[in-house]
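What follows is a set of structures for review.
Each of the next two complexes has chain A plus one other chain: chain B in the first, chain C in the second.
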Partner chain A sequence: MSENRVDENRLIPDKSDTATRARIDHSCQGVVVFWYGSSVLWLVLGSALALIASIKLHTPGFLADAAWLTFGRVRPAHLNTMIYGWASMSGMGTLLWLMARLCKLELPWRRILVFAGLYWNMIVAAGTWQILAGNGTSIEWLEFPWMISIPLGAIFVMLIALTIHMLRNRKEKHLYVSQWYLFGATIWFPFLYLAATILIHSSAAVGVAKGTANWWFAHNVLGLWLTPIGLGSAYYFIPKVLGRPIHSYYLSIIGFWTLALFYNWAGTHHLIGGPIPAWLATVGIVGSMMMFVPVLTVAVNHHMTMVGNFHRLRSSPTLRFIVFGAMSYTIVSIQGSLTALRHVNETGHFTHYTIAHAHLGVYAFYTMIAFGSMYYVMPRLVGREWISSRLIKVHFWCCAIGITMYWIGLSWGGWLQGTWMNNPDVPFIDIVKRMVPYLWSRSIAGTLMTIGHFAFAILVWKMIRREGEWLVEPTLFSSDKESALPSETVHGEVAKS
Partner chain B sequence: MTTMYIYIWSFVLLFGLSAVGALAWAVQSGQLANFQSGATSIFDEDEPVGEITDAFPTSVKPQPAESKKT
Partner chain C sequence: MNRITLIGAGILFTVIASLFGLVLIPSNQFESMQPKEFTNPDGSVVVYPTQLDSWREEPGSFVYRAMGCIYCHSQQVRPEGYGADIERGWGQRRSVPRDYVLQNPPYLGTMRTGPDLANIGVRQTSEQWHYTHLYDPQITSPGSVMPPFGFLFSTHKDVEPKSIPGIPVFKLPESYDYRPTWIVPNEQAMQLVAYLATLRQEHSLEEVK
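Right, the complex of A and B next:
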């Protein structure tokens, strides 16, 4: 199919911006579609594992006979397939496409990148299998055994090299703010990943030091990997979809540099109350409070860019998902900073409240933005339209209602759980029993999200199979053949929604 | 243990220096000089400011099979 694309490119001989953009998009096609497609497979698998884990919490007998499917294995398997399979692979797809577009450069090293995708898939598959087989490390977010997690670092080293290569050859001299965020992901996260994996798996970090390295890293997966990709996407797609420059470019740059400065300090707030030196936790708390600066700059910026354009959420799937994600970013970050306070932490820590918060970050913020980005990028790569508006809406509402319900149910339940656990007069078994309804709400919410994921998987599958309409957007194809083909049908019919 | 200290410190230094280096480069090369043109750098003549670039797919019937095979 790639040969076809090359032929089509030849039909666009002019040097117009549209032609350049189409060429760049086409250059990403094989690579980004592969990473995206793989990520969706992991999303579906990860959802299934999540549901199994969730059901076990209120119905402990469920699948209890299979050692492979005990909670202690299914839950980390869910986490790792979602983080390394779904979130990282979809993030890499968006990241590569954004870098190509923003550097105004056709994507280089395409064969290597497809191979890297295959390698990544194999690593995640082997790691998940090892976790389910009982060989997980029990270090949260780094459960893959060392012979699996260390080789993954090779991809990150390649990513640094690719970023530097693209930067040096870029045709657009100005670095748009999204690119700065992406550097956080492509240059700094590899450092963190390699430093943490090697430390964790060596004899240097044992006991308390291991926990410290663990949470420093785990928090940075969100902070310097998923957050920069998510915010970089939001900073590109919100203005791009609306056709309106970001409200304050100045603020956005301040936001990036403060994020780079403060986020990697915040990880130790996960250990408040733990057996670590008090100053170490305090550093994490201070880092978390300082995060108010980048978070507020992003919140103000995205809100002010959207003001007067909220009705566009009705007509643009990309915007709908991304604005949901951007709003969640504000909420999750403010909640996170406040949760880092010792007083709040006393109640919320080691309860379902933390789980709700983690999902608000990785799901409501990151995943929703990843969905939105994919809705924008995939049609431009494949040259086809999504097959169904209705499925997109099913996807959005299932996920939006699902995650909202998930967050409210578990935050509420978790907070109660925390207050009861701090009260020595309440017997532990009573707390366990009182949690059951909240855990049910989690399973129902999870089912809703899984339905959404299936709708999305169908859409992506049909997109990869090119079963959608030719994309009619004049912005994408300038060749006569393509733009002439579907226009009469489109203008003849009324939009579905 | 010494190798571990060398390892940790070299990572810390590389990380820190890359951040300082990036900021110094950004200031020096004028990346932080003109914010207004920076904000509009993602638009161009064919996708100008003011143009919406995303919408729900319209309800068009599937194309005949031969055009799909192109």
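Right, the complex of A and C next:
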């Protein structure tokens, strides 16, 4: 244990490193701010699409006169802008910065990375437009037509090359666990994306195998792209803000490899009871159950790191968002494993229960961690403070209450929906009518979350325009600075000595 | 440096293993499945699954895709004793991989905001019902949350439109609009309805146990 502590303490550099860190942060400035800024634009657009889709589900006459605004187009447009626009772009920003920091390298290939960001934006814009124009593929999570999804591959090849380049040239020999996760993400996602795109748009997979390819991919977008970025961030920022090492290095490595081994196999639980061979569904169920191992490992590790420091959630916005996300990761993963059980799936499948679960993963876990990361990183890149701690509070509470309400409303309603659907005595139209109040609760929750996103967008806009105070100390929630300051000083790191 | 190669190889191996297990091996298993011949009671022979015709049925499946029908409708009947699909009359038997060998991709769906459509061609044979339902679901199914697809029709008030051979005209019920109203489906609507009529998993396949 003591040996690990020495090892991990490298994460907490002494003051002589301040200049190095400032130089690394400066090298990331243009690239990471561009990717972050773009992601926030997609977040706002995706929220608008989400609200339109949500309202349509209880008020079908809303905006119903144009084909491009029909529910079946707005919904996938929402999903794709959020996944490829918001989540992937914010994730890339954090990934690049974390890699630079942890490798102790100035960010290389900066011009290419800005160009890649522009290119990525154009692809997501063109893909979203194509979905709204009726050229979506109706393959969930892969709705962009092939002539748009194939060109995205070029970025992925660059991303793999960049990560390997940075890891090979790193100045810090120790590989921190976040780097494992980020390295995993940069290999898994490109592989998944390209393989799935080829399988689905060619004749390489036949009939129902296209369905299993679909869910192999879609489940892994969360599991092997957003999850490793989210966990890599949590593994970095929680110890960083607290100024203490992660509880156990070995647990984190076990968590990583078990995630790598088991998450891959979980996707077919989306087809339980469907027209697939029984063994294929069983494999998905086993994979899902085995996920308990990495999830509990990570939960124990994060919790033991936090123990005794929960009062710090009062002051640090980064910590508050990230701990909310890390806790949601535990909840969503346990729920996911249980949902894969045949009996639970019999009721939860085909209902809003699944929609609630998906949002618990992508939103309560990943998105909240992405917010927390951006609160930490952006001031260090721009050299300015967040303009208002009150707006940060609005952002946090709107999103936290919104997603909680969203999850409870739809899980509850969805479970009832499944129970009624499995009872042939309840006419189908009655189920549709009984669901309306729960769908309203989603629109209200979604409105709250959107308000939060606008507050965040204002903050980011002001940050990019450098309207905040010069960065001397981070924006904290409370004036209780004595307890908060030691961990977040000028360039954010701990002067723990 | 060797360490990075090793970790990278491990990472790649995990995902390649699952690609084989979940996609390529099953795909290989389905490849041997082909449509089968069935003899009807009157002696005629049909092949199931049937290829969609390229006149309206196949374009209709593209309309189904373009309108995003899969986001609310599944096309798969669950097995007996698992859910209540068969009791609800959504099919006479569970769906099996052979039902989908000609579908590229199959619209299995994951959501049932609306009912399953695997057998809608058997369950609802009235074209009039389909057209009025698509025009505005409230006419046939009050309380439905399905969006109206009025943009797939031309609407004529007060004066009945001249009929064109091959294109149906429907009069809406007076309870819907006090002014006499006729609707004429456009080509996309006719394609979609033609496609829906092909959705029938009614042949018994021996792999259904």
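Just so it is clear, the second predicted complex is superposed on the first by the 456 of 497 C-alpha atoms of A that agree within 3 Å, B and C clash if a C-alpha of one lies under 4 Å from a C-alpha of the other, contacts with A are read in each partner's own complex, and residues count from 1 in each chain.
Quick note on the criterion: a residue touches a chain if its C-beta (ideal position, glycine included) is under 8 Å from a C-beta of that chain, and two chains touch if they have at least 3 such contacts.
Note that the structure is predicted; figures quoted are calculated from it, not measured.
Enquirer: Have a look at chain B and chain C on chain A after the superposition and call it: clash or fit.
Expert: clash
Enquirer: Thinking of the overlay built on chain A, is A:242 touched by chain B (first), by chain C (second), by both, or by neither?
Expert: Touch partner of A:242: chain B, not chain C.
Enquirer: Touch test for A:338: chain B only (first), chain C only (second), both, or neither?
Expert: After superposing on A, A:338 lies clear of both chain B and chain C.
Enquirer: Per the contact definition in the header, classify A:150: touching chain B only (first), chain C only (second), both, or neither.
Expert: A:150 contacts neither chain B nor chain C.
Enquirer: I'd like to know which partner A:112 touches here: chain B for first, chain C for second, both or neither.
Expert: neither
Enquirer: If we overlay the two complexes on their shared chain A, which of chain B and chain C does A:198 touch? Say first, second, both or neither.
Expert: The answer is first: A:198 touches chain B but not chain C.
Enquirer: Based on the superposed arrangement, let me know which partner A:351 touches: chain B (first), chain C (second), both, or neither?
Expert: Once the two structures are laid over each other on A, A:351 reaches chain C alone.
Enquirer: Would you sort A:389 into first (chain B), second (chain C), both or neither based on which partner it touches?
Expert: After superposition on chain A, A:389 lies in contact with chain B alone.
Enquirer: After the superposition on A, what does A:293 contact: first (chain B), second (chain C), both or neither?
Expert: Once the two structures are laid over each other on A, A:293 reaches no partner at all.
Enquirer: Of the two partner chains, chain B (first) and chain C (second), which one does A:253 touch, if any: first, second, both, or neither?
Expert: A:253 contacts chain B only, not chain C.
Enquirer: Which touches a greater number of chain A residues, chain B or chain C?
Expert: C
Enquirer: Once the complexes are superposed, what residues of chain A are shared between the chain B interface and the chain C interface?
Expert: Shared contact residues on chain A: 175, 183, 187-188, 191-192, 195, 199, 204, 257, 260-261.
Enquirer: Across the complex, what residues on chain A touch chain B?
Expert: 4, 16-18, 21, 102, 172, 174-177, 183, 187-188, 191-192, 194-195, 198-199, 202, 204, 236, 239-246, 249-250, 253, 257, 260-261, 312, 315-319, 375-376, 385-389, 392, 466-470, 473, 475, 485-486, 489-490, 493-497
Enquirer: Please give the residue numbers of chain A that touch chain C in the complex, ascending.
Expert: Per the touch definition, chain A meets chain C at residues 56-58, 60-61, 64-67, 70-73, 75-76, 134-140, 164, 167-168, 175, 180, 183-184, 187-188, 191-192, 195, 199-200, 203-214, 216, 220, 224, 257, 260-261, 264-265, 267-268, 270-271, 273-277, 280, 283-284, 342, 346, 349-351, 354-355, 421-424, 428-429, 432-433, 435-436, 439.
Enquirer: Considering the complex alone, what residue numbers of chain C touch chain A?
Expert: Residues 1, 3-4, 7-8, 10-12, 14-19, 21-24, 26-27, 29-31, 33, 64-72, 74, 76, 78-79, 82-84, 87-88, 94-97, 99-108, 110-115, 137, 141-152.
Enquirer: Tell me, which parts of chain B touch chain A in their complex?
Expert: 1, 4, 7-8, 11, 14-15, 18-19, 22-23, 26, 31-32, 35-63, 67-68, 70
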